[in-house]
Amino acid sequence: MNLTLLMYLVPSLIMFGCGVYGFLTRKNMIAIMISLELMLNSVDLNFVVFNRYLFPGQMDGMFFTLFAIAIAAAETAVALAIIINVFRVARKVDINELIKLKF
Amino acid sequence: MMEIFSNILIYFVIVPVLTLLGLALCNNKGIKAIRTVAVVGATALVVLAIYLVYLFLQARGSGDTSEMILRSDVLWYAPFNVKLALGVDGISVVMILLSAFIVFAGVFASWKMNPLPKQFFMWFFLLSTGVFGFFISIDLFTMFMFYEVALIPMYLLIGVWGSGSKNYSAMKLTLMLMGGSAFLMLGLIGIYFHSAADGNLTMNVLEIAKNNAIPHNWQLWLFPLTFVGFGVLGAMFPFHTWSPDGHASAPTAVSMLHAGVLMKLGGYGCFRVAIYLMPFAANELAWIFLTLTGISIVYGAFSACVQTDLKYINAYSSVSHCGMVLFAILMFNTTAMTGAVLQMLSHGLMTALFFALIGMIYGRTHTRDIRDMGGMMHIMPYLGVGYVLAGLASLGLPGLSGFVAEMTIFVGSFEHTDVFRRVLTIAATCSIVITAVYILRVVGKLLFGEVQDEHHRQLTDATWEERLSTATLIVSVAIIGCFPNFFVNIISDSFLPVVKALGTMI
Amino acid sequence: MDYSQFLFMPQEIGLLFVFLLVFIYDTFMPARMGKHLPMFTTILTALYTVYAFFPCPDMFGTAFGGMYESNPATWVMKNILNIGVLIVMLQAVKWTNDDFVSVRRGEFYELILLTLFGMFLMISARHFLLFVIGLETASLPIAALAAFEKRYYESHEAAAKYIFTAVFSSAIFLLGISFVYGMSGSLYFQEIATSIMGIKSPLLILAIAFVIAGVGYKLSLVPFHQWTADVYQGAPTAVTSYLSVISKGAAAFAFMVILVQVFGALYAQVWEWMLYAIIILTITIGNLFAMRQRNLKRFLAYSSISQAGYIMLGVIAASQVGMTSMIYYVLVYIFSNLAAFGVIAVIERATGKVTMDDYNGLFRTNPWLAFTMMLAMFSLGGIPPFAGFFSKFFIFVGACQTGSVAIYVLVFIALVNTIISLYYYLLVVKAMFLRQDDCVIPYIDSHWTEELALTICVMGIIAVGVASGIYAFLNQVTGTIAPMFTMVG
Amino acid sequence: MPLSYTIAVIAIPLFMFFFLGLAGVKMGRKLTGWLGVIGMLITTILAYGVALTYFFGTGQGQLAADGARQAVVVFNPDWLSFTKELVVRMGIMLDPIAAMMLIVITTVSMMVHLYSIGYMSDHHGHAEKGYQRYYAFLALFTFSMLGLVVATNLFQIFIFFEMVGVSSYLLIGFYYQSPAAVHASKKAFIVTRLADLFFLLGILILSYYTGTFDFDKLVFGANGANSLEVAQSAISTAGGATFLGCSVTAWALTFIFIGGAGKSAMYPLHIWLPDAMEGPTPVSALIHAATMVVAGVFLVARLFPLYVIEQGAMEIICVVGAFTAFYAAAIACVQSDIKRALAFSTISQIAFMMTSLAVSSADGGLIEIHGGHGLGYMASMFHLFTHAMFKALLFLCAGAIIHAVHSNENSDMHGLHKFMPITSFAFLIGCLAIAGIPPFAGFWSKDEILVACYSKGIGWGIWMSMVAGMTAFYMFRIYFLIFHWKKHEVHTEHAPADQPWTMTLPLIILGLISIIAGFAPAAKLLGWDGKDLHTQLNWTVAGTSVLIACVGIGLAFKMYYKENELPDKLQARFSGLWEAAYRRFYMDELYQFITHKVIFQGICKPIAMFDRGIIDGFFNLLAAATGRAAYGIRRLQNGSIQSYVYVYLVGALALALVTMVCVLI
C-alpha cells in the first residue's frame, strides 16, 4: 500500500485540533504546554509532507521543520521557566491562578 | 523659505508665539512682568491689525483688484503639496481687526486673573495664535491646523480657571467642537482629493476654487460635512448645546474670546471652505441649512427669554445672532453676505462686551442669577451704562453696530423672490422684537428696580483696567454703527467671486 | 559561500557587536563595576545608533539567496527602532540600578538587544524561514523580560500570559505558512506571490487569515489583542514601553511588507476587507476599553491598541503614501508613547503610584512632568501643533487615496473614534491640571538620564510635525521600494 | 437765513447730549440745566429762522416754477450702501411739514427745558438726582425727533423712529428705581418695537419693488414735476406684483402705517401710552403729547401721495383712526388720574389727525384732490401743530398741579382754582382750545378736519363731531374736578401754589400761542403739494361743531362744577360700562394674557425645556451610551488565558470564513 498526501494531512490536522482542544480545556499549565507542542508538531508534519509529496525538488520544508523544532524547544524552555516562577509564587500550576489582571 | 518673513501676515502668528515664549520666561509670582508682556503682545497685535487695514485700503486704492492681497506661498509638505499659503481679502482683514481688538480687551478683562496668571495668559495667547493663523492662511491644511490649535486651549482655560460645573462644560465643549472638526477633516480630505481634474492636487483654497473640479455627487456630501463641521463652532442648531454650558463656566476673558472670535471661525469657515469651494452643493442643499439656521435664530432668541443666568442669556442670544450670520451667508448675494460679516463684527464686539461686563458684575456680586440682583445701575453706574449700551447694540439701536448688520442682512435676504426665503427672512426679522424682549427684561431686572441684596450696596464701580477694556469695545461698537460704509467697502468686494460662482450655478 | 554578503547587513552586525560587548562586560567585569553597565550599554547603543544612521556605500541589496533584503526603507525603519531603543534604555538606567533588579540588569539589556536583532530580521526578511526566526527571536525574550520584576506576582502572570498566547499564535501562524507553502511550494515572498497569482482557494484565504492573526498578535490587533493589556500592566514599565512601541513598529512594517509582497494580488478580494473589519474593531474596542481604565499602564495599553488600528490605516492603503505615513506614524508614536511611559516610569520608580487618581494635582508639584505628559497625551490624541496631529492627518490622507467610498467610511469611523480617544487622553490632563488632591505626589527630582530621555521625546513631539523635511525624506526613501506596490490589485 | 443752518439745528442737541452726558457728571446740576436751556434756545432760534426762511423767503430753491413750495434737500451724504441702488443716506430735507415740525418740536422742547428746571427740583430748589442724565436724554430726544422730521428717505425715518423710541424708553424709565416706571418703559419700547417690525417689513417690500428709499424718487416730483405721476411711476415699477390679492405696495403701505400706528398709539397699539405717564410730566408733555406721538401721523403724511394711490391702505387708516378717536375719548371720560386722562385725550386727538389724513382723498382720483380734497391733509397737519401747543400746555399745567399736590389723582385736588390761579387760567385756555371754541387754536384746525370728514361722507362727519363733543365734555370734566368741585383741603405741609417762574412762564407763553395759533395761514402754507389751497370757513360745520362743544361743556359744568351726586348716580346706573371704560376696555389684560400666558409660558418655556431636555439630553445620552457600552464589554477581558485564546481562534476562523463566503460565493 502507498500513503497519499491526505493520509498524512488529516492526522496532522487532527493533531492540531487536539492541541487546540487541550489548550482550551486543560487546567494544568504543563498539560497546556504539551498541547502547544502537539500543535507545533502537527505544523512541522505539514511542512515535511508538503515537501515530500508536492515539491520533492527542494528541501525548504525540511529545513523549515528543523528550525521550527528548534524554536519550539526554545519556547518550551522559556515557558517552563516561567511556569516554575509562577509555581514558586502561587504554589500551583493551575492556569486559573492567572486571572488577577483583567478588565 | 525666508521670504515669507517679508510678509506682514506671518507676524500675526509670530507675535502671539513670541508673547507665549516671553510669558514662559516670566515667573508666576511676578504678576507685573506677566501683565507687561501680555499687554505688549496684545497692543502689538492691534497695531499690526490697523496697519494691515491701511495696507489693504492702499492696495485696493491703487487698483489692485486681485482676490487676495499679501499673498505668499511656502511649500511645506511637498508630498501633499501642502503650502504655508498666506493671503487676506476684505473679510479676513476685518476679522483680524476684530480679533486683535478683542484680544486686547480680553487681556485687560483678565487683569486680576489668578491662580497661575502666567499659564492662563500662555494658553490665552496660544488660542489667539490659532485664531490669527486661521484667518491669515488660505491653505486648507494650515487652516485646519490653526483651527484646532485654537480649539484645544479652551479645555484648560475653562477647566482650570472656570467656574461652576467647569469639568463637565469643558469636556463637553471640547468634545463637541472636536466632533465638528472630525466631520471637517473628512470633508477637507475629500476636497483635497478632488481639488484638481489634472491630478496635481492642491490644498490652496484659491486654486481649488479656480479649478472648480469637485464632482457634483461628491460635493453633495462634502458640503454638509464641512458646513456642519464649521457650523458646530458657529453654534448652529442643533449643535449649539456646548455654547450655554461652555460660556457659563468659562472665565470672563475666555468667554469674550470664544464668543467674540472663535465662533466667528465657524461662520468664516462655512463661507470660505464650504460655500466658496462647493457652490453647486451650496445651491442644492441651501434649503436644509437655511431652515436650521432660521430655526436657531428664533429658537435662540426664545430660549433666551426665560433664562435667569446672565451668561446663559448671552449664550442663547449668541446662538440667535450667530444663526443670523450663517443664515445670511446662505443667502448667496453680496448684500446679505456683507451683512453676515458685519454681524460677525458686531456680535463679536458686543458679546465680548457683554461677557466682560457680566464677568465684572459676577466678580463683585458672586452671583449671575438676575433674580438675586437689582438696581445695579444705582450701585455701579459705569458698568450699568456699559451693559445698557451693549443691550441696545444687541437689540439693534441705530448708531450701534447691531442695527447696521441686521438691516443689511434683512435687505439682502429680501432680495430673493422665492417664497421659502421670504418666509424665513420674515421669521428672522421677528427676532428683533424677541431680542428687545429679553434684553429689556435683563436690563430691567438687573440694573433697574430696587436693590435686591443689601450687601450689594457696598460694591464698587469698575476699576481703570475694566473701564479701559470695556471702553475699547464700546467705542468699536459705536464706530461700526456710525460709519458702516467704511467697513462695507472693505468687505463687499470680497464676495463678488463667490456670488459669481453661485450665480453661474443657479 | 560568499561572506561578503554580510556587508549587506551592517546594522545587524553592529547590533550583534554591541550585544557581545555588553555580554562580555556583564560576564567578566567585577561586580563593583556592574553599576556602570547601564551607562556603558546606553552609550554604546547611542554610538551604534549614530553609526547605523550613516549608510555604508553599498549596503543595499539582497543576501543569502534573496532571503534577506536590505533597502533604504528597512534601513530607515531600523534606525527609527534604534532611536526608540536608545530612549528606552535611557529611561531604564536608573531603574536597572534598583536593588531588586540590579542583579539581573545585564540580562535586561542583552535581551533587549537580542529582541531588536530579531526585529531587524523580521524587517529585512524576504523568506518565511528568516521571518519566523526573526519573529520568534523578537517575541520569546519578551516573556523573560515581562517576568523581570520577580518580586511582583503580576510580573509572573504577565509573562505566563504572554508566553502561552505567543506560542499559540505562532503555532497558528506556522500553520498558515504551511498552507501557503503547500500551495506555492516556496517560502520566498516573491515566488509565493508569483505562484499564487490568480488562485482563490479557501485554503489560501484561511492561510492569509492565519498569517494576519499571527502578525496581528504582535501588533495587538483586535481580536488577537487580549494579552496586551494584562502584559503591559504586569510587566516592568521599561519593558512595557519597549513592547508598546518598538516591537509594534517593527511588526507593522513587516506586516505591510508581507501583505503587499506576498498577497498583494489578493488585496482587493481578500485582505482589504479582513483589515477593514480588524481596523474598525481594533480602534473601537481599544477606545472603549481605554475609556474606563484607572491604571495608567493598562490605560496606555488599550490606547496603544487603538493606535495600532490607526497604524493599520497605512497598511490598508497599500500604497507608497500609505507606507510613508505608516513609518511616519510609528516614528511620532515612538516619541509620544515613550514620553508618556517615561513620565509613568519616573513616578512609579519614585512613588510606586500608577493609577490616574494618584496624578491629581500633579501639575502643582511636578510641572515639567505634567507638561511632558500633557504633550504626550495631546500628541497621541492628534492635537496640533504636535506631531500626532500630522501623523494622523497624513495616515488618513494615505488611506483615502485609494479613493473608494468604503475607505472614506472607515476613515470617518476612525475620526469619530478620535473623539473618544481625545476624551480619555483629556482625562489624564484633567487629573493633572484640573483636579486638586490633598495627598499629591511630592516633587520628584528625576535622574538626568530620565530627563534626557523625556527631553528627546518632547523635542520629537514638537519638532517632528513642524519639520516637514522628515516626511519628505521618508517619502523619498519609500519611493525606492515603490515598485513593490505595483502588484497590489 | 440759509437753509443749510438746519444742520446746526440738528447738531446742537446731539452735541448737548454728549456734552451733558459725559461732562455733566463733573458739573453742578443747576449748571447743566441752564446749559441745556441755553443750547435749546439757540436751536430754537435757528429753527425758527430756517422755518420762516423756508416759508416766506425765496431764492433757495423752495419755490417751484409754478410757485408751489417744494422740498429742498440741504445735504444728503451716503451712510450705508446695501447695493449700488439701495443706499441709505443721512440727509436733511425741508418741505412744508418738515419746517412746520421744526417749529413745533423746538418750541415745545424749549418750553419743556425751561419748565424742567423748576419741575425737576423740589420746593427748596434743590435739583433731583440724575438731573444731568435728564437733560442729556432730553437733548437726545430732541435730536432724534428733529432728525426724523427732516429725513430725506424712508430708512432714515426708520432709524430715527428707533432713536426716538429709545430716548422715550430712557425718559419714561427715568425714575428707574420705581418698578412701575421700569415696567412702563419696557412696555412702551416693546410695543413700539413690534410696530417698527411691520414698518421695517413695509420698507423692505417697498424698497424691493421701487428700488429706492428716497422720498424725492418716491413721492416728490423732481423739481416741480407733478409728484403724483412720479409716485405712481415709482410704485408701478412693482410691476403690479400682488400678494394675497392686494398689490404689494398696498401691503407695504399698510405695514408702514402699522409702524406709524405704534408710535402714534392707534388702537390696538395704544396701550403703551397711558403707562408712559410714569415718566416725568414735562417728558410726557414733550414726547407723549406734542412730538413723538405724532411721528406716525407725520410718516403717513410724508408718504401721502403713495397712500392716495393705494386706496386700500387709506380705508384701513380711516377706520382705525375713527374708531380710536371714539374709543380713547370714551375712556378719557372716566379716568381719575389726570395724566392718564390727558393721555387718552392725546390718543383721541391723534386719531383725529389720522382720520383727517385718510378721508383726505375721499373719492380717490387725482382730480378730486386737486379740486381741494387735499383739505384733510392740510387740516391734519394744522391740527398737529395746534394740538402740540395746547396739549403741551395742558400737560405742563398738570405737571405744575402734580408738583404742587404730589398726586395724580383728581380726588386729591379739587378746588385748586383759589390756590393756583395762573395755572388754572392756563389750563382753561387749553381746554377751550381743545374743545374747539373759537377763537382758540383748536377750533380752526378741528373745523377743517370735520369739513374734510363730512366731505368723505355724512356718517364720518357725524361720528367725528360726536367725538369732538365728547372731547369738550371730558376736558372740562377734568378741569372742573381739578379746580372746582369742592373746597380744597390742604394735607401737605405747605399749601399748593403757583410754581416758580421757570414753570409758570412756559404756561403763559404756550397759553398765548394756543390762543393765536389758529390764525396761522395754514391753508396757504401746508398744502399737500405745496400749493395754496384756498379754503374758507364752512359756517354750517363750524356752527354745529361749536354747538356740540358747548353742549359737552355744559354737561360737564352741570355734573362737575359743584359737588353733587349726579356722577355717582350715573356711575351706579351704568356701572358695567363705567367699569369697562375705567379699565380701558380690558386691553391691558388682553396683552398681559398674550405676552405672559401665551408667549412666555406657552412658547419660551417649552423651547427652553426642549433645548435642555431633548437636544442637550441627546448629546449627553451619546456620551452615557458610550460609557455604558465600555462598561458592558469589559467581560471580554476576563483575564483567563484560555478565553483569550478562544477569542483569538474564533476571530481568526470567523475572519477566514466570512471572507470565503464573500469571495467565493
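By letter and in written order, the chains are A, B, C and D; residue numbering begins at 1 in each of them.
Simple rule for what comes next: a contact is a pair of C-beta atoms (placed from the backbone, for glycine too) under 8 Å apart; a residue touches a chain by one contact, two chains touch by 3 or more.
Being a predicted model, the structure only gives us computed values, none of them experimental.
A.B. asks: State the pair with the higher C-beta contact count; candidates are B-D and C-D.
C.D. replies: B-D
A.B. asks: Between chain B and chain D, tell me the centre distance in angstrom, where each centre is the average of that chain's C-alpha atoms.
C.D. replies: 37
A.B. asks: What is the distance in Å between the mean C-alpha positions of chain A and chain B?
C.D. replies: 65
A.B. asks: Just give me the whole-number Å value for how far the CA centre of chain C lies from that of chain D.
C.D. replies: Chain C and chain D have C-alpha centres separated by 78 Å.
A.B. asks: Between chain A and chain D, what's the gap in Å when you average each chain's C-alpha atoms?
C.D. replies: Chain A and chain D have C-alpha centres separated by 98 Å.
A.B. asks: Mind pulling the residue numbers of chain D that touch at least two other chains?
C.D. replies: 634, 637, 639, 641, 645, 649
A.B. asks: Would you mind listing the residues of chain A that make contact with two or more other chains?
C.D. replies: Residues 23, 98, 100-102 of chain A touch two or more partner chains.
A.B. asks: Which chain C residues sit where two or more other chains touch them?
C.D. replies: Residues 160-161, 164, 168, 229-230 of chain C each touch two or more of the other chains.
A.B. asks: Identify every two-chain combination in which the chains touch.
C.D. replies: The list of touching pairs comes to A-C, A-D, B-C, B-D, C-D.
A.B. asks: State the interface residues of chain C toward chain A in the complex, per the touch definition above.
C.D. replies: 128-129, 132-133, 136, 140, 143-144, 147, 150, 153-154, 156-161, 163-164, 166-168, 170-171, 174-175, 178-179, 181-182, 185-187, 229-230, 233-234
A.B. asks: What residues on chain D touch chain A, complex-wise?
C.D. replies: The touching residues are 634-635, 637-642, 645-646, 649.
A.B. asks: Tell me, which parts of chain B touch chain C in their complex?
C.D. replies: Residues of chain B touching chain C: 76-80, 82, 141, 145-146, 148-149, 152, 155-156, 159-160, 166-167, 170-171, 174-175, 178-179, 182-183, 185-186, 189-190, 192-193.
A.B. asks: For the complex, give me every residue of chain D touching chain C.
C.D. replies: Interface residues on chain D, with respect to chain C: 626-627, 629-631, 633-634, 636-637, 639, 641, 643-645, 647-653, 655-656, 658-660, 662-664.
A.B. asks: Would you pull the chain B residues touching chain D in the complex into a rising list?
C.D. replies: Answer in residue numbers: 172, 175-176, 238, 241, 245, 299, 302-303, 305-307, 334-335, 375, 377-378, 392, 395-399, 403-404, 407-408, 410-412, 414-415, 426, 429-430, 432-433, 436-437, 440-441, 444, 447-450, 484-485, 488.
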